[in-house]
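Both of the next two complexes hold subunit A, though its partner changes from subunit B to subunit C.
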Partner chain A sequence: MKYVAIIRQVPDGESKIKVDGGKVSLEGATLILDQMDEYAVEQIIRLKEAAGGEAVVVAFGPERTEEAMRTALAMGADRGVLITAEGYVDPITQAAALAKVLAEEAPDVVFSGGQQADWDSQALGPAVAEALGWPSVTWTTAFELDGASAKATHDLDEGAEVVKVALPAIFTAQQGLNEPRYPTLPGIMKAKKKEIKKIDAAELGVSASKVEILEQQIMELERQGKIIDGSKEPAAAAAELIRLLHEEAKVL
Partner chain B sequence: MALDFSLTDEQKQLQQLARRFAREQVAPVAAENDEKARVPWELVEQLYEIGLLNISVPEEAGGLGLGLVEEAIIGEELGWADMGFYTIPMASELGITPLLIAANDEQKKRFLKPLTERPSLASFALSEPGNGSDAAALRTRAVRDGDEYVITGTKMWISNGKEADFNVVFATFDPALRHKGVIAIVVENDREGVSFNKIHGKMGQRAAPTYEIIYDDVRVPLENRLGEEGAGFKIAMLTLDKTRIPVAAGSVGVARRALEESAKYSLEREAFGKPIADLQAIQFKLANMKIGLETARIYTYYAAWLADRGDPAHISASAVAKAYASEIAFEAANEAIQVLGGYGYVNDFPVEKLLRDVKLNQIYEGTNEIQRVIIARDILKALR
Partner chain C sequence: MILTFMDHDGTKLRKSALESVTRARKLAQTIGGEVVGLLVGPGAETVAQEAKKYVTKVYTVSGPDWQNYTAEKWALAAYAAAEAAGAKVVITPASRSGRSWSPRLAFKLNAALLEDTLDSWAEGEKVFASKYSFLNRVLEKQAASFPAVISVKPNTTPLAEPAGEGAVAALSVELGEVENKVEVLEKISESGGKVALTEAEVVVTGGRGMGSAEAFGMIEELADLLGGAVGATRAVIDAGWRPYGEQIGQTGKTVQPNVYFALALSGAVQHQAGMNKSKVVVAVNKDPDAPVFKESDYGVVGDIHQVLPVMIEEVKKLKNA
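Let's turn to the complex of A and B:
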């Protein structure tokens, strides 16, 4: 069997991100394999270890995505395919390119992170499934191969459901699916020799992004610091405080 | 154009791995391990799992055969998280290095290969209760008896010690010969007559185990001796010429932590209506820490690079790196406490531990006074 993890490279959560001229600047930020995608990589490595076959990582992103791909290879994936494109490309356009690579790779199981750490998008996995006409299971917390199908548990807003899906299918990973391993130093040394095939997005007939980002802003959190004067009528002030906690802050 | 300070792609990945492991696994438990003087074996096991333990074991003995640049990368990251914990893998490399220098192939397979097969440590036993800097004055005896040596004596301040599989013991077969009468011999810890006392009450580096080891008529086969009879002192010195580089690297990690904690706090703490980071008195402290950190780091990597190239200039360079890095780190930790004020003096914040830990970096693997003797000897040798 063949297993694929679709991965992305994102800024480390500890990095300070700046907006420069209306655009996010990643200058000086440490870039890592998206931690939600780590669950996907871990899952395909486990599948390969348990049942044999091949574990392949596939990505759509700028040239530098190769670093994140090397991390996945150092964890134990066999090889990588990187579709290169600089700048922002919307998930539907990305999915069209990824679908072409996946159609050629013909994997049985595809995993990807449930939500992207940088822009919180959850679109990529389902969009790739849509482009291929394959079923998709989001927010997967448990997974088991079952002949030509798979049994998976996925989170819903108010609970979970267990589904049986015909393969090939796409699953997006949720925290709890597994405990991703660290890459290892011998793995890092071996990863150097593993193949990463690079394909220019243009070669796959990907036209420009359907969405263009005009301006980016970082949410600023400010405390409102509302002070109720309790020095004159303490009883009224207390009543007002309770009203605000109840109606505005909604903590009571 | 030959100067090039960049790391290879693999070294960058190693750095990222070591940094992540240090941040996620080591730093969160550092204060607790320090307070309880607890040896974190589970971290040693994890270090083994990710391949960061005993990295210098050569490929022919089943290891990765990596050098001091790689060890320095790991040392900076683990030193940042907990210098006391880093001393455990660092002291294991100290126990491995005499074998890299003087062991034959059979000895490398016998002693080093097991270190790659499970989480396990090596250890180096040179100091004694009555001698440290004057290493040639050691009194542990190795009396030849047929095809065995009988080892008798006491070793002191031995990092890892009992926790290791073996100690490389330096002993004399003829004290009158001074340094020419020394042998280096691998003594497995499970031999009859070996006993250990754990040293308590350490000021810092309390996660690292330190032992007194007593050898009481311990019989060890000749095949355990490294190199020739009489070569032991030379082996010890060649070892320390290399292994004081990781001490420097750990110190760089401590200095980096001191600067990070100070800078972070100075932006959060307000005095006189503004963050203390706006006060020049604080800015100068941060800048001085940065000057020390950057110069110590680049020089430490330079010394490691020289040693990995086999350039004899590493002997003096490693002494410069060790003395300098441990001193700027001590100063940075001291100033970090000053920046944090009362908070810096209590163990709710990590900076007082930095000072307690890094004090040892000025003492072990050759005191900074001995480093200066080595540096001065190198200066004068060229002129005499």
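Let's turn to the complex of A and C:
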């Protein structure tokens, strides 16, 4: 069997964001394999380890995405395919190009992260699935292969459900699915020699982005910070808190 | 035409449906055309009696094939309705399910997807939207051409008022190949999930400082008293005290309630990503230097096991007053 993880490179959530000229600037930012994609990469490596086959990472992004792809290869993926395009391209447009690569790779199972840490988008996995005419299951917390289908547990708006899905199919991953491994030193050394095939997005007939980002600004709400010291008289502090919420904030 | 997907629970519309109608009406004022609705799944006919008060026409898609939600089926129904209505814009809720099927719909329609939007408007031949990005830390403005699929972030938009009496039309949608690809084997209900977390006006979240799964009984009690929902941090989920569906943060759900209680949690950046747009944030933590206090409007420095029971009693007094 063949397993694919669709990955992206994003700024580390722990690092500060800068805006320059009305756009987010990633200059100097620490760029990492999206933490949500780590679950996807871990899952395809586990599938390969359990049943054999090949674990391939696929991405659409700027040249620098290769660094994140090397991380996935260091974790244990076999090889990578990177569709290169500089600048912002929306997930729906990306999906058409990724679908072409996936149609050629013909995997049985595809995983990707549940939400992207830069665009806060959840669209890529379902859009690629639509482009291929495959089923998609989002927010997967448990997964097992069962012949030509897979059994997956995933979260809904309320609660969760267990589904049986005909393969090939695309699943988006979230915390709980697995515990992603750290790349080992030998893993990192091996990853340097693993193949990353690069394809220019233009060769795949990628059209212009359907969505344009006009401006971005850092958005932090001012908080009042009215903190009551309840270390000595917790009951009085709790009562005062509820009084403030009721009378001053008027939210209770 | 503008098509608005109207989410419902089988007997009545969800709040998100009325937010979507407001957005649809706003766009209709600029680009013209009528607002038509779509109801999918069990109970669509019943809910249509309520839904038709908000739109000029409401399509229903239901029957034996439509008992269980799958992203493929819902996208197919929305596509059929969009085609039938000749829709230039489709408005959907940015719920988990809405965000799972709306990308599929956008691809089918070769449309732009404006995802999880705070607001949306049109000028000339362009549609615009604002949304958060970079883990909820950046506000951005996006532009696209028509056709467009716009998902509406919950709790961002005023609820629409009824405005007349529209028509109801059953729409027959052939499932074709999509039919048997996803089979639902089992439903798992969320414990204590009386209110959908992402739609709740009040969210009460406990962190590792709660100390045990049992201590979440107090969290549930406060949430119930306030008609709210229970949340949990990643540490709590990892400890197995609460189900995954309750996780707030980067790898969990994003909420934006009126009041957010951050109880016995430190306030890591990953957690902030899931709640930092709440209107009022209330924190209780025994550590005065916990980062959560910097992100709070009100707070108490103190032992949660002494503070929370009194909070509950005081809220009960308010309710009985």
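The definition used in the following text is that the second predicted complex is superposed on the first by the 224 of 252 C-alpha atoms of A that agree within 3 Å, B and C clash if a C-alpha of one lies under 4 Å from a C-alpha of the other, contacts with A are read in each partner's own complex, and residues count from 1 in each chain.
What we mean here is this: a residue touches a chain if its C-beta (ideal position, glycine included) is under 8 Å from a C-beta of that chain, and two chains touch if they have at least 3 such contacts.
What you are looking at is a predicted structure, and each value in this text was computed from that prediction instead of being measured.
K.L.:
Any idea whether subunit B or subunit C touches more of subunit A?
P.N.:
Of subunit B and subunit C, more residues of subunit A lie in contact with C.
K.L.:
Could you tell me if A:224 is touching subunit B, subunit C, both of them or neither one (first, second, both, neither)?
P.N.:
second
K.L.:
For A:213, select first, second, both or neither according to whether it touches subunit B, subunit C, the two together, or no partner.
P.N.:
The answer is second: A:213 touches subunit C but not subunit B.
K.L.:
Pick one for A:192: touches subunit B only (first), subunit C only (second), both, or neither.
P.N.:
Only subunit B; A:192 stays clear of subunit C.
K.L.:
If we overlay the two complexes on their shared chain A, which of subunit B and subunit C does A:70 touch? Say first, second, both or neither.
P.N.:
First partner only, subunit B.
K.L.:
Of the partners subunit B and subunit C, which touch A:175 in the superposed model: first, second, both, neither?
P.N.:
Touch partner of A:175: subunit C, not subunit B.
K.L.:
Same subunit A residues contacting subunit B and subunit C, which ones?
P.N.:
14
K.L.:
Quick one: in the complex, what on subunit C touches subunit A?
P.N.:
69-72, 75, 95-97, 99-104, 106-108, 111-116, 128, 131-145, 177-178, 180-190, 193, 196-198, 226, 234, 237, 243-245, 247, 250-252, 258-259, 269-270, 273, 276-277, 279-284, 286, 288, 293-303, 306-308, 310-311, 314-315, 318
K.L.:
Looking at the complex, which residues from subunit B come into contact with subunit A?
P.N.:
So the residues of subunit B touching subunit A come out as 9-10, 12-14, 16-17, 20-21, 23, 49-52, 55, 64, 66.
K.L.:
Can you tell me which positions in subunit A touch subunit C when the two form their complex?
P.N.:
By the definition above, subunit A touches subunit C via 11, 13-14, 17, 19, 24, 35-36, 90-92, 95-96, 114-115, 117-124, 126-127, 129-131, 133-139, 141, 151, 153, 155-166, 169, 174-176, 210-221, 223-231, 234-235, 237-239, 241-246, 249, 251-252.
K.L.:
Subunit B touches which residues of subunit A in the complex?
P.N.:
Contact set of subunit A toward subunit B: 14, 30, 32, 67, 70-71, 74, 182-189, 191-192.
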